[in-house]
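A short worksheet on the structure shown next.
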Amino acid sequence: MSATQTVSLAVPRRSLAQRYPALRRFLRHKPALLGLCVVVFMTLFSFAGPWVIPFNATDTDIRARLMEPFAGAHVLGTDPLGRDVLARLMYAGRISLSVGFAATALSVLIGVLVGLVAGFYRGAVGAVLMRFVDAMLCFPSIFLLLAIAALIEPSVTSIVVLIAMASWMEVARVVEGQIRSLRERDFALAAESLGAGDIRIMFRELLPNAVAPIVVAATLNIAHAILSESYISFLGYGIHPPTPSWGNMLENAQSYLTNAPWLAIVPGVAITLTVTSFNFIGDGLRDALDAKLDR
Amino acid sequence: MNHLEPIHFVAAEDSAQVDNILEVRDLNVAFRTAQGHVHAVRDVSFSLRRGETLALVGETSSGKSVTCLGLLGLTPPAPYCTISGSARLAARNGKTYELVGTPERVMRQVRGGVASVIFQEPMTSLNPVHTVGAQICESLRIHLGMKGRAATDRAAELLNQVGISDPKRRLTNYPHELSGGMRQRVMIAMAIACEPSLLIADEPTTALDVTIQAQILELLQKLQSDNRMAMIYITHNLGTVAEIADRVMVMYAGRIVEKADVVELFTRPQHPYSRGLIHSVPRLHSGRVRKTPLFAIPGNVPDPAAHPPGCTFGPRCGHFEPGRCDAAVPDLESARPGHLVRCVRWPEIEGAA
Amino acid sequence: MGRYLLRRLLQSLLLLALVSMIAFAILHLAPGGPLSQFLAVGTLGQEDVDRLMAQYGLNRPLPVQYLDWAGGLVTGDWGQSYRDQLPVLTKIGMHIGPTLELMISSTLLAMFIGGLIGILGAVRRYSFFDHLATVGAMVALSIPTFWFGLAVIYLFSVNLGWLPAGNRETLGDGSFVDRLQHLLLPCVVLALVSTAVWSRYMRSSMLDVVNQDYIRTAKSKGVSPMRILVHHALRNALLPMITITGLHVSTLLSGALVTETVFTWPGMGRLFLDSVSNRDYPVVMGMLMFTACMVLLGSLLADLLYSVADPRIKGEAK
């Protein structure tokens, strides 16, 4: 039998109908559902919101500077330059959420590739790769992020790459563990004995069965990425003004803490709400997919 | 049948009730589960004399373990589990305890002090971070107030009694340094440390290999006769029953279906279930080449939350008669003195194979 | 225990070597590079740059530079700060005290409070308290530490005026009480994440333990509930917590950096930030290595402690 005729002998890829039990379990997890609603809301808020409100994030109005929320036309008040806080929150949300999603996507890509290769080939290759992962994990994340951030040209793209660089390791670990155990399963050995090539086995047989923990890790990674962006932006090495992000809004708010606390409260609440929601979703996914997680 | 030499021949149950250390009347244990109310133990009554061994036989979910856990209050607390009925236990000092409905504080005195349990899994029943000696001395301290040197000496003595060599050194061992058989011996030592009147052994040899099984059985018998301790021996293995029991109680789906002396049960079993159990024990026929398929009672144990109407054994019984057997749950009737059976057709089945 | 210790030590050394290679690579392969601070000024000509490169040995092949640097690490020469020519290790040494003070005090606080919450949650599973604690822990893990710090400062310093808003001591005072007052807020802020972690893991660890057979045995012996909880259950449940704490050092260091920034606490975090903003590369590199060493040491110590605390490992490791 030629390689092209090899039939996938893996556990049948789960059709939508078979995915229902997990979906049902997820829907029963109330905090996760709530988290999902909040995330959807925040996404709409950030991306579609600016069309709904009358104000702009960049129009400055010195006369209306530092207005309190709920006092006038500006629902969430204005900042020191008279810019509408609500609008800035929305535009900042676009950046922060995009960075979170993009950085996670990249980190999952890298992590899956590394984990796949390390788990599949084991031996020397696997050991070296995983020791490299372990070594990367020895650096405290903020220290690592700052050290590199200071060296590079700050831009949204570079921040995305940076955060991805600091967070792919967990995904790699998860994937490596899964692949290593799946590797010995009968369906993988059967595929191998039928002449399937390494790449084919990795991507068609093993990876689809490891999707559950990857999804959970990815969700938790998004939460972590948004948080990381806020940290480095707050410290001044992330997204630079004039591009707004929730993190640098907080950095600007620091000096006005005493007379304009809402400048700090608002972005902080946005971050906390979003990150908590992603964490809840991750928890819910973990519980829902648990029964199908191969251990 | 193999040779049977009961150690004590007990008088019939309805003669003088001397020396009864345990009297259980209408014990009921019910659990509240996601599936609803599960009646794990129904209307169980029996008594036990000092020094006597009662074997409790049955399949899984027959209620044999739950009966004993319920007696000692080791079941989940209300409202998840409700126990009703009465169980009176006599301690060595003459004091009698009512075990059902007693406050927890009193039950803690009973557990370990008046009645002890040894469980099935010796590998996981000992706390891995404390030495064997510490765990035995804990019992001694709680019930007998023994401390320090006196306690360790007694602990070493106990280890010796259960057949562990070099007891003084063993006291400082951790559980993981002992084999399964030795851990079970330690469990037994802990159980008899405060000289309880009743020992409940819940399948103590199931997790051990056959050679150790025999040793543990021997040990239990010896301790029992030395201490005049009553024992409830829970098992599904009829071979051990023959060896160790004075009386046998067969349980099915939470109820007693037959109660008799051990010889009586093995020679003249009345209930179809007991007959099936005894028949299922494979026999070795030396000399004769007889290839007969192994007998097994057909069907499965009923779902505890959904018992069939009438006799719960009905669906699996070869003598089932619709109209009679599924009408109502049969009462325990006296087939012979000291031999009770829960079956409406027992006189008719008497002669059948 | 000797063999186990040796094996772990060797593993750690291997990781340390890898860590040093990564740290070196970050610095030298980044587009910025060690001389970017000078180039950024823009007043240097090419020959000046060449001269500087020769002076700092930056024109040698990379592997040679690495070995030179790594060799220095081992002998204790971690380089000198570009700013004030002080040895890097000395600078770190001057700042490590306050950071350790913060880290240790917040860990103790987190252990105590988080542990209690976790135990209560496990004992009263699915109760209102348990649900509240679970949600609370989740939120606590999601709050940006610096935001919490700002909120705490606003509330307790600016509004109520109970506690100072920053620094380690008031100038001229420095008494124990004064130091304690200054330590309180940053300690609480740093403890937030650790408390959440401790409460979650303690709860699940206790739940695991409480369902074990040996707890049933203890009950059957008539042991009192309090003794079962502390002497039997807790003693076992705390074991995995040792490992968790060891793995937590990395997060703790990151949190310390942020907390020190918000509270202008004179620790390693501040030093790092200052060095980064001043492009003081030797210090930045040295600190990257140093913090990685701390993480490795933390996990090594945790493993050591675990092997002593768990009799099963203690015996095996002989």
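The letters A, B and C name the chains in turn, as written, and every chain counts its residues from 1.
Quick note on the criterion: a contact is a pair of C-beta atoms (placed from the backbone, for glycine too) under 8 Å apart; a residue touches a chain by one contact, two chains touch by 3 or more.
None of these values were measured; they are calculated from a predicted model.
Novice: Based on the averaged CA atom positions, which chain is farthest from chain A?
Specialist: B
Novice: Out of every possible chain pairing, name the one holding the most C-beta contact pairs.
Specialist: Comparing chain pairs, contacts are most numerous for A-C.
Novice: Centroid of chain A to centroid of chain B, CA atoms only: how many Å?
Specialist: From the centre of chain A to the centre of chain B is 57 Å.
Novice: So, what's the distance in Å between the C-alpha centres of chain C and chain A?
Specialist: 23
Novice: Which positions of chain B touch chain C when the two form their complex?
Specialist: Contacts found on chain B: 72, 74, 107-113, 116-117, 119, 121, 124-130, 138-139, 142-143, 174, 176-177, 187, 190.
Novice: Any idea which chain C residues touch chain A in the complex?
Specialist: 14-15, 18-19, 22-23, 26-27, 30-33, 36, 135, 138-139, 141-147, 150-151, 153-154, 158, 250-251, 253-254, 257-258, 261, 272-273, 276-277, 279, 284, 287-288, 291-292, 295-296
Novice: Sort out for me which residues of chain C touch chain B in the complex.
Specialist: Residue list for chain C touching chain B: 212-214, 216-224, 232, 235-236, 239, 309-312, 315.
Novice: Which residues of chain A touch chain C in their complex?
Specialist: Listed in rising order, the residues are 31, 131-132, 134-144, 146-148, 150-153, 223, 227, 230-231, 234-237, 250, 253-254, 257-258, 261, 264-265, 268, 271-272, 275-276, 279-280, 283.
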